[in-house]
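Following this line, the structures themselves.
Same chain, two partners: subunit A is paired with subunit B first, then with subunit C.
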Partner chain A sequence: MNIDNRVAIENDKARVDARPKVTGAAKFTADIQMKNMMYAAFLRFPYGSGELIEADVEAAKSVPGVIEVEVTAPRKAGYVGANIGYVAGESRRAVQDGLAALKPKFRRGEARSHAADFSEGPAKLSEGDQARMDALFSKGAAVVQATYSTQVQTHSALETHGGVVDHRGDSAEVWGSTQGTFAYLDGIAGACELDASKVVVHNEFVGGGFGAKFGPDAEGTLAARLSMKHKRPCRVMLNRFEEHLDAGNRPGSIQHMKIAAAKDGKLLGGTIHIEGVVGYRKGGGDATNPALYEFGNVVKSGSEITLNAGRPRAFRAPGWPQGVFAVESMMDELAAKLGMDPVAFRLLNEKSARRRKQLEIGAEIFGWNRRKPDGTWPGVVKHGFGVAGAEWPTWPTKAGADIDLFRSGKVEVRAGVQDIGTGTMTVVADVAAYELGIPREMIVPRVGNSTFPEGPGSGGSQVTRSVAPAIMDAAKQIREQLTELVQEKWDGAKVSYAKGVFSEQGGSRSLKWEEACSLMSGQKLTASGRIKQEYIREGISDGVQFFEVAVDTETGVVRVVKVVAIQSVGRAVNRLMLENQICGGVTQGISYALFEDRWLDGPTGGMVNPNLEFYKIAGAKDIPEIIPIIDATPEDTGVRPVGEPCTIPPAGAIANAVANAIGARVRSIPITPQRVLEALATKGARS
Partner chain B sequence: MKPFDFAVAESIEGTMTALADGWRPKAGGIDLLDRLKERTEESDKFVSILRVDECGKGVEAGADAIRVGALTTLREISENADLGKHASAFAQACGSAATPQLRAVATLGGNLCQRPRCWYFRQEAFPCLKKGGGTCFAVDGENHFHALFGGGPCHIVHPSNAAPPLIAMDATIEIRKGAEMRSVPAAEFFVLPSKNLMAENILGPDELITGVTIPRNVVKSAWVDVKQRQSYDWPLAACAVARVGGKWNVILAGVAPIPWRARKAEEVLAGADALSDELAASAAEAALDGAEPMAHNAWRLAIVKAAVRRALLKADGRSTESA
Partner chain C sequence: MRDDSGREKEPTLLERPHSRRSFLKSVGVAGAAAAVLPATALSQEGGGDAKKPPAGPAGVRVIGRGATEFTLSINGVDTKINAEPRSTLLEVLRDDLGMTGAKEVCDRGACGACSVLVDGKAVNSCMMLAIEGTGHRIETIEGIADDPANAALIDSFCTHDGAQCGFCIPGFVVRSKALLAENPSPTMDEIKSGLSGNLCRCGTYQKIFESVQGAAKGGAK
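On to the complex of A and B.
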């Protein structure tokens, strides 16, 4: 079946918004300043649990510039960062001084801070399951029982959560740092007590969002309420401290696995019990395990460990990076026990034919044959090699786009979807340029505005695949309208169009794009496109990544040396944007595997690293050579999700590479010098 | 951020009068800005000293010593050829601190006087000993990156990269008070929390560091730091070594509330003419003498050892492997 949303395959033009972004001309929500604007900020509970016992509300109210204080003491709090009131004022300074003047006194309660203290170990099986599993394990040539744990990772988008709301009585203008224009519209209209038709959300530029930035949340809602009440614009942006504590995170996990494989290398099955490490109440802690491979007969169970801390929210490929870290670690442990090469072992058990191909090709490009047996690399600094895979589904979503074609030949494309930094604006221009057959420079792409046609939020890596067909649909209509004008001029002659030129079929007449456009009697032609049912099809994006690391066995420091990342993308739209998404996913995965960690103080439950100094994110010097390989699969259905799958494999691949390097396994991420040294010491004690 | 008064000094007399009147000096402002944002800085009056030459401009290469003004940036130090040759440990340490952006602004004086980066000290919510509270939260808390040596009752590690090499090279620190100048050995500048909880050095509120002087009899020196993250991180442990005259000085960094002299390591090295691999290894082992690890930081001792051995070999011009 020929599904024709395949576009611009060799396009590699730079992003359309590169210049405004590097010059600062791009205005983010955090940049919005309005006349007569007021500010507000929350009071946050600094410990794991306890109570606000007193706060000097009168002192806060008397601070010059403070407009409103909403703090009630005593008040119980159940997690670090809990929002326990707010101060509103004329300026940021007034708000901060107001918060300081509260001189809040807290009573600290018992805090649940460290997940390991509350782990109950593998699940107790029912008698029947136990008997079944015992029989299975007795058949295994290799049986590995291991516990893998992953940390809590905070989203840490560069632009924090927040919004600016200008409530004008019967309408409202809103700026939101959101990855879902229309989810934000829905939430903010409710908070403003207005119909959505009376509210405009602007989010043309958004400084990142990884799954926790859809609706307006407490901050947008507060801005809306205050703006409505005081009849003036109000801005509420979280600071970095709040962003770490109360804006969502990837849950941690403790994954207990016992898996058997047969002598021929086939997985037989086993038990998997996931303890999700969540926030102050249960929910959201599952990890995607088993995954990727034909695991055989598996008994899976799960429970959750609550901590006195902020709760999980969707975070890039929710559930996957943590699950696949454990899955891929287990795969290598089994392969080692069977004496098999990790790639060969995966080829035997891989579910996806495409990933099998990627494994074979990738191994060659990467130079997998350089891999030595575990722990045998000579010298103090040992190199190791690891591999891991990823998959990500495509699911149906609706999207629309409008195109205006002006007499001058210039085009404006409007889509309400947001560009959170991924390059949506660029892709919108590229798709329209390709479909209209004109240079991209003639197109003004506009995104991130709720008055434009609706499209999906940036969740599940579905924006490009949803909006591209809508633009194509609109472009097709525009082409047809223009063709009709030409046909009219040529007295009904048959007209064909390609690459900016209309030609008479069987004749000699031709017209350039601009000449054809000048035939318009009015100023512009307009078309509305939408994604057609035929484009809405399910499918899988597959990826495999190979990692080489260097481990300093005296200091435990791990450096990633080289990465080959192969990713199936369906149809490639813009090569630079694609490579950028692949490298970005790998980078975030390296950061997760080696550095990022929400660190809670044991006794008090306070977060000791609510900043970007000790909440470590990979920096430029931590990023190696990354070779992105675009596995374009034109037999597939159009554009495929790319952003999220690429962030899934790094933790597992790095853990495997480290184990290969040092001959000892670190079963917890982040893989810190401390953990590497401890693994080496344990190995030394054993041998 | 906490509101504050800000003035710009135009003369050395004005600067010193301002300090005597309770104003605090602001040079690069790197650490100060953090503390203002964290609301952990007590003062609310700051005077910029950047325009005053006498506060420490420039590097003067003398026949017997090199004087480095306190306003010299870490970048200028790391790129100075004379320092690179005759005070390698110092140039290397300054070039390894923070990020290129910060090094371009951060000054030597500020680096020596910056407050500790302890994650309890840095947060308003933890009323720790150093902030006048009653508890060192590190003792029962997350002390993975706290002191291995010399801790108690407060367990910070000193964050300066510039100080350990200066001590290793027998440098002196020049201090001005009013119109008076005095000079103290860098080794005597810092004080342990057991002596003074509220400050990390002997500098009085009305005093200013104006420069340091590094003698030219440093034969060789080197700096090695070990960081978890290669971009912008504080060392897990570091070591500055220098051979001054006929003696090795070995100063550990990032492991104690002050730059920490590894006396036993120096004793092991004393008297030996050539530095063999075995001698470097024994000195590294000896450097751990007196360590008092806390509940969660003993793993860093291995890193201290590696840093000492590698620094000695590096100073001796031998290559060492590192990731």
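On to the complex of A and C.
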């Protein structure tokens, strides 16, 4: 089957800011250096619980280059990495020396470190629910009871959290590593004790966010307060250790499911109880389960297990990858029990007509018919095949964009929204070029600046779908203004415009874009665009991904071999960026399914692997052949979310592919060699 | 090892493993704050304003712990550095010289974001003391990007969309240059091996591989 990904507004040009990124010229917040800049870093609590007994503040203050030392109350802390003070200094080295000189002594308390120790198992149902469920299970031709668990995953954006603040008394200039320009503005203006109109936030380049970077947090706030106090710029950037411990994570989960399906393959329902694994306070632990399929009559409940560890935060498709891992695992377990093909079983229960179509097309492209019955692939290295789906709702958000059209014909488009690698700056250029009918090279797109029109943070995959309509609106106004100028010159003749040329309707006169622009009396025409109802389309983003894995049954190592990832996008803006983002979502999902795990030490609650050598994220050698398929709907003028849904399916699809390969199921991620070998041993013991 | 005139040459620091930790561990005389170098390792007088310079064994000169002057050849320019001997090359490049293309991500050699070329070989600049770079040819992404000889590599990353957030990409470009210098037409497996010391959190790998293929002699294999 031929797949045509060339369906975008721009098919061949890569992102507009590729060159500064590739050459290292792009200045991220971490790269900002200012004259007379000071630095600060936090004192971090080393245990899951306990208290600080003493710290030699005077010794730290006497370290050359140290400006200020504070050890803050309360001295008790609830998790490893909680900040309990800071050192400010002339250089990063002075700050590190100051922290070392504090020689803090702690009393260690008992830490809650391992979620499994605190799991209470499936929920106790009310008598009525129990009776209802008993009746339902008795009708099921297949009933599967299973517990699925997922680990805590840290965002691990390569640029850590942090900010640089230059407080100048009655105004402030700020650089923040943030995925929410205006959330950062609000927070930092408060910390600077200034009105937001007196503060400029720059975030033109952001080294990843993935859901953890909105407001200024403790680090930006500290930079603001120190800069205000000392009347000089201050930078506070977390290091990798701090980033793992205190910058947020995807919560873990223990998901208890008991689901029944009828003989014809229809899901009947069942019970789902989610135990979210969160930080030292409750909150944020839900997993999206049930999802994707018509599950029937479900009783769902949830609780949370607190640990003495860093708190959860939104993480690319919050709640979904963990929920869908359990949902899709359960789907395959039920299909196996019914003796049905997993794709056929899904087609019967799928909620979305679009995903049904994606399942059928994807199975063909992927070669689903190569799949063998569970555990029957010959040889030591066994291949297996798995599938999983995703969906993501769209919700439009208020957004604006300004356009300046200069007499030279060149255009500047400004939107305050950020580009965290999602390609916003390029979207701005591509949409403006398309709507104005001129080459992209004539557009200067500018984003990531709080003085530009406001738009949403990068959460919910809503930036492109919100800002594109605002650009369309502004572009329409610019076209109209320019048409009026031409009309004036042609004594009121009717004027039409297409692709850079104004033409007289029913006449022979025509003007090129640049010639029309030279008619303006001033230096420029301007327009402010806003998202309007007429540009908003409802819709859900759907996706289906097929995975082929190879499992070495002697070592337990799982390798992903091939992926077909179909993603509905609505109107496609830039082909290369879409492919890149889909492959990126798949890659992060592989990393979540096979490698990443926050390990906490039992007695101390300390994170054993707060680094990038033992907290493993997918590297070059882990990358399979990924075939991204852009499922565009040109009839839908809206742009649909992509960034989040494409990272939802991998864990479930990989778990299913591994089970198909080895004939035994691993119900916990990451699917490590140890877990594969344990599953094989259990299977061996059974047979 | 012999120099041009055939005399036996002392191995330079760079010919030892590129690890500041193993280096500091192996000398282990004066603690981590002061670097102890063989007198032959530095081409010029090292200052050092330590209040009490620790006594070194015979035949070694002690530098530090305060700031010390030395010269590094960076992108073909001899650059005077005044930094504490404990400073990593990455710290000196970013904090002292404002060359921020090399990124600090893990600061312990696990991610490759701080890659530079030292005598043509890719090195994690966070794992090397700046002072170890004396007498060696250091190339950063800034120098690589400015050199017209590398235009095809830079252009290929740009046209293949070999970057999402872009934070890791300078490191990948440096690593790719070293890879292609060694192996002008690598297979896909060789590209993956060559780049296996670098991490990209956005998951841009596929486009990065295509970028390297695009710059390789004879195109994709």
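Operating definition for what follows: the second predicted complex is superposed on the first by the 668 of 687 C-alpha atoms of A that agree within 3 Å, B and C clash if a C-alpha of one lies under 4 Å from a C-alpha of the other, contacts with A are read in each partner's own complex, and residues count from 1 in each chain.
The criterion applied here is as follows: a contact is a pair of C-beta atoms (placed from the backbone, for glycine too) under 8 Å apart; a residue touches a chain by one contact, two chains touch by 3 or more.
As the structure is a computational prediction, the values presented were derived from the model and not from experiment.
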With both complexes overlaid on chain A, does A:297 touch subunit B (first), subunit C (second), both or neither?
neither
Which of the two partners, first being subunit B and second being subunit C, lies in contact with A:26: first, second, both, or neither?
second
After lining up the shared chain so the two structures overlap, which partner does A:379 touch, if you call subunit B first and subunit C second: first, second, both or neither?
first
Any idea whether subunit B or subunit C touches more of subunit A?
C
Report for A:205: first if it touches subunit B alone, second if subunit C alone, otherwise both or neither.
second
Does subunit B (first) or subunit C (second) touch A:619, or do both, or does neither?
both
After the superposition on A, what does A:487 contact: first (subunit B), second (subunit C), both or neither?
neither
First (subunit B), second (subunit C), both or neither: which does A:510 touch?
neither
Go through the superposed model and pick first if A:93 touches only subunit B, second if only subunit C, both, or neither.
both
Common interface positions of subunit A, toward subunit B and toward subunit C:
93, 613, 618-621
What does subunit A use to touch subunit B in their complex?
46-47, 93, 96-97, 100, 379-381, 550-552, 554-559, 594-595, 599, 601-604, 606, 608-610, 613-614, 616, 618-622, 672-674, 677-678
With touch defined as at the start, can you tell me which subunit C residues reach subunit A in the complex?
84, 86-87, 91, 94-95, 98, 100-111, 113, 140-142, 145, 154, 157-170, 173, 191-193, 195-196, 198-209
Residue numbers of subunit A touching subunit C in their complex, please.
14-15, 17-28, 30-31, 33, 91-93, 156-159, 205-208, 210, 239-240, 420-423, 576-577, 579-581, 583-588, 591, 611-613, 617-621, 623, 626
Subunit A contact footprint on subunit B (complex, rising order):
1-3, 39, 99, 117, 119-120, 123-126, 137, 140-142, 144, 226-233, 236, 299-300, 302-303, 305-307, 321-323
